[in-house]
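These notes open a run of structures that come right after.
Shared between the two complexes below is chain A, which has chain B as its partner in the first and chain C in the second.
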Partner chain A sequence: MAILIDAPAGPEPARPAPGLRRTGVGKLAALLVSPTLLVLALVVAYPIVSALRLAFYRRDDTPDPVTGLLRPGDHFVGIDNFTDMFAGESSTRFLNALWNTTTFTVTAVSLEVVIGVLMALVMHKAFRGRALVRASILVPWAVPTAIAGLLWRWIFQADGVANDLIPGPPILWTTDGAQAWFAVVVADSWKTAPFIGLLVLAGLQVISTEVYEAARLDGASAWRTFFSITLPLVKPTLLVAVLFRILDTLRMFDLPYTLIGPGKNATDTVTVLAFEEAVKFGKYGPASAYAVFLFAYVAVVAFVFVRLLGADVLGTKARRGR
Partner chain B sequence: MTGRRRWVPYLGIAVIVAYCLAPFYWMLVSSLRRANDIFDSAPVPTPLSLESYRAVFGSSNGFVRSLGNSFLVAGITTVLVLLIGTLTAYALARLDFRFKNVVLAVIITTSMFPGISLLVPLLQLFSGIGWINTYQAMIVPSMSFALPLAVWNLTAFFKQMPLELEEAAQIDGCTPAQAFRKVILPLAAPGVFTTAIITFIAAWNEFIIALSVVNKQELKTAPVIISQFTGLTQFDSPFGTQMAAGVVVTIPLVVLVLLFQRRIVAGLTAGGVK
Partner chain C sequence: MVVRGRVRGAVLATVLLLGAGACGGETAPGTDAGASAPAVLDGVGPISLVTGKDISGNLQNQVDEWNSAHPDQKVTVIELPEDADAQRQQMVQNAQTKSDAYGVLNLDVVWTAEFAANQWVAQLPDAEFPLTSLLPATVETARYFKRLYAVPTTSDGGLLFYRKDLLDAAGVAPPKTWAELSAACEKIVPSQPGMSCYAGQFEKYEGLTVNFTEAVNSAGGSVVGEDGKPTLGSEQARQGLNFLVDGVKSGKIAQKARTFKEEEGRRAFQAGELLFHRQWPYQYAKANATDGSSTVAGKFAVAPLPGLTGPGSSALGGHNFAISSFAKNKKTALDFIRYMVDEKQQRANLEKTSQAPTWAALYDDPALVAKFPYLTQLKKSIETAKKRPSVVKYQEVSSAIQEAAYSAMSGTSTTEQALTSLQGKLESLTGK
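Our next item is the complex of A and B:
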């Protein structure tokens, strides 16, 4: 802050020929930045554009009327792949997957935020055992998601430990239905709620203790302090964390795939569906259409968070204030 | 605070630790049971048995080979990403140039893209150019998420270093490039190392790319191989061996996490949220 204020008042001759220095720096910057942009153009920009094109094509399964042979290659089908997503025989599967993706995201992220914030509050209060908590909180994060899926599949087996702990007749968690959906939510919350806790804790630690002392002197209750001080001050951190978690959950694949398996009504997400179409059936056209739709969905959510809710993804606001 | 309420935070700590570790503990315990007592629900396995581990390493399921594949893919991805990312992050943190925020925004935006929308066209491309069942088919797409992650982490790290370092170097007659190479890079080693760990873990845990572009047993990575373990019969899921293999795959990461927890937490929280 001091530098920002002082800079214009500083002596002008201190910077001789600023233009010269700038061009040198500009060239260096271009040199340093271009490899990353080149790689991203290759592995991100090109595939996205390619997916947009592919989404309008489809492999033709009908034989050529003249020769009677299967026609090779893909054929332009206009927006058929997209209309099929919402009407027609394959629309049920897609709409169901879209519903699962959305309900997974809303439920899991809400649950994770509540658990994560609670964890952060506890860790913030604790003076001893912090190293232990920090180490254990990183364990779910470090376990590969696909392995976490298998671990929870084992826990949720018909004769597994979850049914041993829950009274009543055994539940067939990993088959299909609402219980399978619930199992995925549980596994996802286990894996990522601690991570949200970690981020919120970082946000809590920069809040000055004076604010809390002032609140205490004013006789504010613990609830009041939490809702009027802690939550608003931690909101920027939380907003970014929630945005990234939502985007991550919208593309969920590993957990439903390894915990329940593909082709299940209750847990197939859009990514699972697109994966099946592309990898199992080689239908790149419809798979791309699903992927493009998911891309648009993610873009809209990100836009809402950044523009309407003011999520400071680049961290520019926070840094300016520091 | 009265004595009555002092134990509340400790209880909270205990709950958090249990929440995080109980499922992992169950994986460990299950991996140490004999195949015959796998459905036992005692919290401590009696008798202890390494049967599952012998099955994982001994049989011809290709697990050892897949560990090597995972190391290769995650290792090369990490090295490539750090080589490119360090330079870019330094420019973004320290140099003042036009379009800086645009570049930063582009990099962070790419990390938000759903992987499947990159994977489908890449899959078609790879089948066209004969890249299916190659290591590069796993490494190149992995950079799409590893590179933004590394650049973001490193940028945050470079921003924390005092600006006086370069100023002193430039007064001593260094060009910006020399200042970076001789002064900044050695001092940035801890940050680069932390980023390397985080990137490696992310690449090690990658699943959908490796699952899609490789179907040859010898080239599969560990998470893919483990998820495809088969039991003796079709309906017999080999949970013991899966848990043992899961422990083997996770233990290196847990050790890394225990050794460098402070740095990893600093890296994760400073580098935004990924």
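Our next item is the complex of A and C:
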């Protein structure tokens, strides 16, 4: 009887053993990860959730006609903050800012890819003083963006270096208009092309020299080598770099703000608008709605980019490849 | 990159968090709105004085003197950044978190309405302060709905800086009207290579609001009327803005002057590139420096701003001291403000820092006038000065003004279009 009872239980310990071990490891893993999760919840989840909530509220900003005082507190306004972005009084400003954000991203990132790849090719070549060239190419990327904005403002001011170099009457770069937009693109490309260069350089360094030797033996031209060997082989790294740049440029704030100044139609981005609404006007509801919209926009762009071009962000393919 | 991304993310998160903080059901003190008598200001003990960066270096002396006389009510100075927007931002944040860290606030004159309406600053009893000895225009900036919320400690008014050497040589008197200013320029500027006629602060920022408001006021108009209604449909408003727009069109205001803030303009004036310059009095000492930084030392003088048909009127600058609603020792704060606004301290401050006082009698003191020759003109400027619109949504009003003036001056819209659109925006912002 006892044996009979024990018998079915016999094989059991053998089977659950891995399961038990898994639970044990799982618990330990959860325990070890939980501080990180807690920190993430605090610094990522909480702000996102509260920003989402805030986007549906608005401050009552009509002062009392007798005392002139404002009623404290916010009230729920549904999706008004979002509909106002596209149809209300502020819609022109917002749509203009969205257009600026998008055109900045497309133009600046395209320029940065071309310049960045060229920089990488230069940095990859073996020659005397290569370390010096590498270091100097990377300097712009190491400069804080706000400082870079002020430096470029100095260059672009009415009697600045830019106007000294360009013939003809001085161009007022920091006033509103296409030239201001162009100035921001120039400064952003200068600032972040080295970042693409750096990542592409890392990609170049893992390409084996044998492939190039084979191409040379086959008599391939330099162009052919670049487009058939270099570019396809650095593509995974390049795509990740471009994705990072796109996400970063969509949130561009410091350059337009410090180089041109806020309130200029040609260079206001969505983040500049959100900052002004929140910090200057104290309208946290609409500001939050801008931020939430930008969040969604960035997420969609990233998703489309990953799907269409197959950018390998998490490094799964690369790991398999190696 | 990752680090950069995180930093930006953190900034965004902070902005969002601040936003979150702002919505946590604000119940300001004294919610029994309608009570017109100020609440009793009590509590004695240490307080803080929150102010923008003290460039003069005299503030600490004044505070030290107070502290040695009141060892149990020590005042600590909290210095905020030099940038006015950044100062306001920190004071607003402190109020939104209802922190008692800030005691006496050094407010820009245009913030009074916003801080009072939000009940971030306490209402003050008129009788406690020597208001009748102060310049009346400055006291007006401290009131909101006729109630006193702050006490003016420093003032400021725009002046017309002009090249006395050139005007004297051409036999021209300092202009009182815009027409005279134009005529003087036509006579003098052509013979002075690299010089342009006039500049003010025309970059798209608060300075443009000041210059636009002054132009409209100097033409006899107003931005917002006595009853709080925007009044930009008037002929005077049109003529005011046209002074700036025509100036740019005719080249009397150089194209590059549209990028000028105070400092860019000051550099141009000191380099001898300007015949006339609308500027705050601080330029007087700097442009008179004989260390080689200024080519116009001793060659210029100041006059009141010109207007359409006679002397114009300046926009009022300056700072007021207010008491944070969330401060603990309000009685001490009140006494400290009384000490700072007193004639003795204002005189000392003027002598050491050349900041414009609010104590009216100081402007007529012969010893001081001998030391600061512009005081007489400055008093005229402040006495006739008008305050900028006193509205809760001042920041938005100012942005709308900048948009209108900037687009008209750059030629992207006509004067009429700019004013019509501004009138509409201000009507919806002021709710009138």
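Methods note: the second predicted complex is superposed on the first by the 280 of 322 C-alpha atoms of A that agree within 3 Å, B and C clash if a C-alpha of one lies under 4 Å from a C-alpha of the other, contacts with A are read in each partner's own complex, and residues count from 1 in each chain.
Just so we're on the same page, a contact is a pair of C-beta atoms (placed from the backbone, for glycine too) under 8 Å apart; a residue touches a chain by one contact, two chains touch by 3 or more.
The model shown is predicted, which means the values in this text are computed figures rather than measured ones.
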With the two structures laid over each other on chain A, which partner does A:L54 touch: chain B (first), chain C (second), both, or neither? both
Of the partners chain B and chain C, which touch A:R134 in the superposed model: first, second, both, neither? first
Mind working out whether A:Q157 is in touch with chain B, chain C, both or neither, as first, second, both or neither? both
Residues of chain A touched by chain B versus by chain C: which partner has the larger set? B
Looking at the overlay, does A:V43 come into contact with chain B only (first), chain C only (second), both, or neither? both
Does chain B (first) or chain C (second) touch A:V143, or do both, or does neither? first
Using the superposition on chain A described above, determine whether A:A278 touches chain B (first), chain C (second), both, or neither. both
After the superposition on A, what does A:F244 contact: first (chain B), second (chain C), both or neither? both
Determine, under the contact definition given at the top, whether A:L172 touches first (chain B), second (chain C), both, or neither. second
Quick check for you: in the superposed arrangement, does A:A291 touch first (chain B), second (chain C), both or neither? both
Pick out the shared contact residues on chain A: the ones touching chain B in one complex and chain C in the other. 43-44, 46-48, 50-51, 54, 157, 159, 195, 199, 244, 247, 251, 253, 271, 274-275, 278-279, 284, 287-288, 291
What residues on chain C touch chain A, complex-wise? 1, 4-5, 8, 10, 12-13, 15-20, 22-23, 25-28, 31, 33-34, 36, 85, 89, 92, 113, 116-119, 144-145, 203-205, 255-256, 258-259, 264, 392-393, 395-396, 399, 402-403, 406-407, 410, 412, 428, 431
Footprint of chain B on chain A - complex, ascending: 22, 24-26, 28-33, 35-37, 39-40, 42-48, 50-51, 54, 115, 119, 122-123, 125-129, 131-155, 157, 159-161, 164, 190, 193-195, 197-199, 201-202, 240-241, 244, 247, 250-251, 253-254, 257-258, 270-271, 274-275, 278-279, 284, 287-288, 290-292, 294-295, 298, 302, 313-316, 319
Residue positions on chain B within touch of chain A in the complex are 9-10, 12-13, 15-17, 19-21, 23-24, 26-27, 30, 39, 41, 84-85, 87-88, 90-92, 95-98, 100-101, 103-110, 112-125, 140-141, 143-144, 147-148, 151, 156, 159, 176-177, 201, 204-205, 207-208, 211-212, 223-224, 226-227, 237, 239, 242-243, 246, 249-250, 253-254, 256-258, 261-262, 264-265, 268-269, 272-274
Per the touch rule above, chain A residues touching chain C in the complex are 43-44, 46-48, 50-51, 53-54, 57, 61-64, 66-70, 72-74, 89, 157-159, 170, 172, 174-177, 195, 199, 244, 247-248, 251, 253, 261, 263-264, 271, 274-276, 278-282, 284, 287-288, 291
